[in-house]
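In this document, chain identifiers A, B, C and D correspond to the written order of the chains, with residue numbering beginning at 1 in each.
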Amino acid sequence: MSDRVRVTVWNEFRHERHNAEVAKVYPEGIHRALQAGLSAYGFDIGTATLDEPEHGLTADRLNDTDVLVWWGHQAHDEVDDAIVERVQQRVLQGMGLIVLHSGHYSKIFRKLMGTSCALKWREADEKERLWVVKPSHPIAAGLPEYFELEREEMYGEHFDIPDPDELVFVSWFEGGEVFRSGATFSRGQGKIFYFRPGHETYPTYYNEPVLRVIANAVRWAASERGAAPFYGNAQPLEPIAGK
Amino acid sequence: MSDRVRVTVWNEFRHERHNAEVAKVYPEGIHRALQAGLSAYGFDIGTATLDEPEHGLTADRLNDTDVLVWWGHQAHDEVDDAIVERVQQRVLQGMGLIVLHSGHYSKIFRKLMGTSCALKWREADEKERLWVVKPSHPIAAGLPEYFELEREEMYGEHFDIPDPDELVFVSWFEGGEVFRSGATFSRGQGKIFYFRPGHETYPTYYNEPVLRVIANAVRWAASERGAAPFYGNAQPLEPIAGK
Amino acid sequence: MSDRVRVTVWNEFRHERHNAEVAKVYPEGIHRALQAGLSAYGFDIGTATLDEPEHGLTADRLNDTDVLVWWGHQAHDEVDDAIVERVQQRVLQGMGLIVLHSGHYSKIFRKLMGTSCALKWREADEKERLWVVKPSHPIAAGLPEYFELEREEMYGEHFDIPDPDELVFVSWFEGGEVFRSGATFSRGQGKIFYFRPGHETYPTYYNEPVLRVIANAVRWAASERGAAPFYGNAQPLEPIAGK
Amino acid sequence: MSDRVRVTVWNEFRHERHNAEVAKVYPEGIHRALQAGLSAYGFDIGTATLDEPEHGLTADRLNDTDVLVWWGHQAHDEVDDAIVERVQQRVLQGMGLIVLHSGHYSKIFRKLMGTSCALKWREADEKERLWVVKPSHPIAAGLPEYFELEREEMYGEHFDIPDPDELVFVSWFEGGEVFRSGATFSRGQGKIFYFRPGHETYPTYYNEPVLRVIANAVRWAASERGAAPFYGNAQPLEPIAGK
């Protein structure tokens, strides 16, 4: 038995099959690009996509996943509510979840956040510069104090998320906005990281610092945790007066 | 037009009508006890209950509410999903929400938290002592460093909530448990406070420090806020190179 | 006796007396500009400056101050350590503290933060745009979702502060940086707000949104709080087995 | 060159030499007990004590330390301010710091927190039960949902610290108090963990869950981080209008 982290990269995988511009950037799909790019980091990486049975996310598959990476965009509504519920339960039990880019509007992210997860956006080939605001965080490991993406979609504040547990990156955009682009959350025993970059028409997931961030986040989210708590009717641990 | 804070106290109002023990403590219902107890604080206070049409929470009613106080227990499942959605939207737009005691398991609280909101519990007439752990917080205004409830239901950790924005109270229980019993959250433009005490068989909502906490929380949650953000496709504020 | 918030605006007051460019912008000093600008908000506002005896911060003066506003820059080292200690003690007892701009490097702010409070800076007449990232916060009350300063000194990340309790503003700068420009902290019973804008050569403290932020912060920091805790050797509140 | 984490356990080492009761529990000193107890976890562990030259904390020694563990009690005032400053600088540069028990009142902890770090205490042989309140945290790895110490000194709230980044443990005490007994902070590039248990008259540092917590915290604090930021006068990264 391996002690390697077991990662499942989930991708909607529609743009790449129906849009020539996207197919040129990601001919085998964003999930394959991520699988290849993360392979250097020593994880066991599988993939799953929307149009597979149960979206590729059977109970067995989720039980064998330490960290799930999620990319979706135009078909959030086609993700079955029962599967979303299943993923949420696994997160609460301890599976890590890395939500990428337009996944901010996925059912699973909104369900775990409790907010609209709305934001500003613009497709204008503008420069993004990601600044590290918490250099002590393991998700910033090995990164310079900032890194740049020459062209990306803009996401701007206000980003309607709960206050993150920890804020790791803030983005600067050429057109005048800022964005909390790397943020951690915990839900139940599970750890969640939202990471902004990755519009489907740009080669963002071939970028080394971007892959490093995702790999760091996978390791962070896969770390060992405490015992599953008991919930429900509990016996007293100490004597109660008059009993 | 008044600038008084407009409060709606929502109560399931079932125990009080069907259980003689509870009726003795709250003959007119928990909502009436809270309405009376909070009246000294200068709010405009209305009530709403589960068995009213739309549970008393029409769109107009919610639009005229600055802060909603929520008590529910045995009939969480009977709250209509469409009304829960309506309340969530109003919270995201800025309505305050104070969730009391067994309301931890209400649909609205779980929806806003994204977790199971599960916990340990025990009905054993035990003493609860609430310690202030953030004395600078306005919800602690005017309180001593701790206060006691002679008999309450026990709620124990682990409490499956996201990390609070701010933790104001931690409870000690006679039987050996601790609990994060006063916790703040923000969701969208709305502020949320969870407050633990208030089992239906105890006269908790006649207790002065308990009422003071709820009144403080109402004021805190009703405070003025920033403008509603624009979400969606945004024009650039600065020139973008090559455009 | 008034229940108005008692504010003391502390200013180093050196640039304005020795630099003609600054004197043109703030002929009577930054403290007088702030006193005038905040007067519309209904506070009792006094001032104090470095070259007064005890820097104008006698024990009596601090005891009569609900919220202290701090601007300093070139003479941080001339602030007496004993006065810094006195201010820290008052903050821990509940006095609010609003630290402005170059006050990030003041002895009092570094002492309360425990970090270097270092940052990047540049004087280049560049545009700053402040985005509200927590619109539910009372410090954002009445503000639009962003506001601009046509020319300011740049402050850039990494800003070496502890993680704020709450992050209210993030700045975008024309030259390519971002900055956590509005951040809250609590220390003891005192509330602290750091607010970035205010280089001495720009008319920043005549700007309406800037004044509104400072006024909001004063109100937030002056709010009532819980009782002063007892520290030290404590008697048991419950029987201890075998005693 | 090893990639093992390099730990230095610092101990005041006075009680053990001058108090027979303590010497019986820790005949070679608390630092030796910790060194032995942590040895199973695969760290390179050295020790340092107050009465060594420079308290055993030379610049070279600190530069070769990834994580410093600190126990002190009766002689906090004898720790040289210059050494405290040196330790603080190393923390800001990325050295981890684990502060144990009465170390809450050490100069280094107070300097990094900015508060009094005061608390309630009582020596009465009472039971402490530590509850995990953030089971997703790596410091809780491998722990049950609570663990007990049959006899310990009581520490009670209010504990005058800044709001922790993350709260991992809350203690219940037999005599009626609660305490935030495991709390994380970050300062600069360094990570800090405060852990409550460890009064010198009890065999706490032979307890397996206690050692596990400290070992988990060492690993957490030693994790790789982002690049050292540049602080100071910075060149623009983007063109500034009119320049």
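To be clear about the criterion, a residue touches a chain if its C-beta (ideal position, glycine included) is under 8 Å from a C-beta of that chain, and two chains touch if they have at least 3 such contacts.
Predicted model, so just to flag it, every value in this text is computed and none were measured.
> If every chain is reduced to the average of its C-alpha atoms, which one ends up farthest from chain B?
If we average the C-alpha coordinates per chain, D ends up farthest from chain B.
> Pick the pair with more C-beta contacts: A-D or A-B?
Higher contact count goes to A-B.
> Would you mind pulling out the distance in Å between where the CA atoms of chain A average out and where those of chain B do?
Those two chain centres are 31 Å apart.
> Spell out, as numbers or ranges, the residues of chain B touching 2 or more other chains.
Residue numbers touching two or more other chains: 129, 132, 134-135, 145, 156-158, 163, 165-166, 174, 176-177, 186, 188, 229-230, 237-238.
> Which chain A residues qualify as touching chain B in the complex?
88, 92, 111-116, 118-122, 124-127, 154, 156-158, 160, 162-163, 165, 174-177, 185-188, 229-238, 240-243
> Write out the stretch or stretches of chain D touching chain B in their complex.
129, 131-135, 145-146, 156-159, 163, 166-167, 170-173, 176-178, 180
> Provide the residue numbers of chain A that touch chain D in the complex, in ascending order.
Answer in residue numbers: 94, 129, 132, 134-138, 140-145, 165-166, 174, 186, 188-191, 223-230, 237-238.
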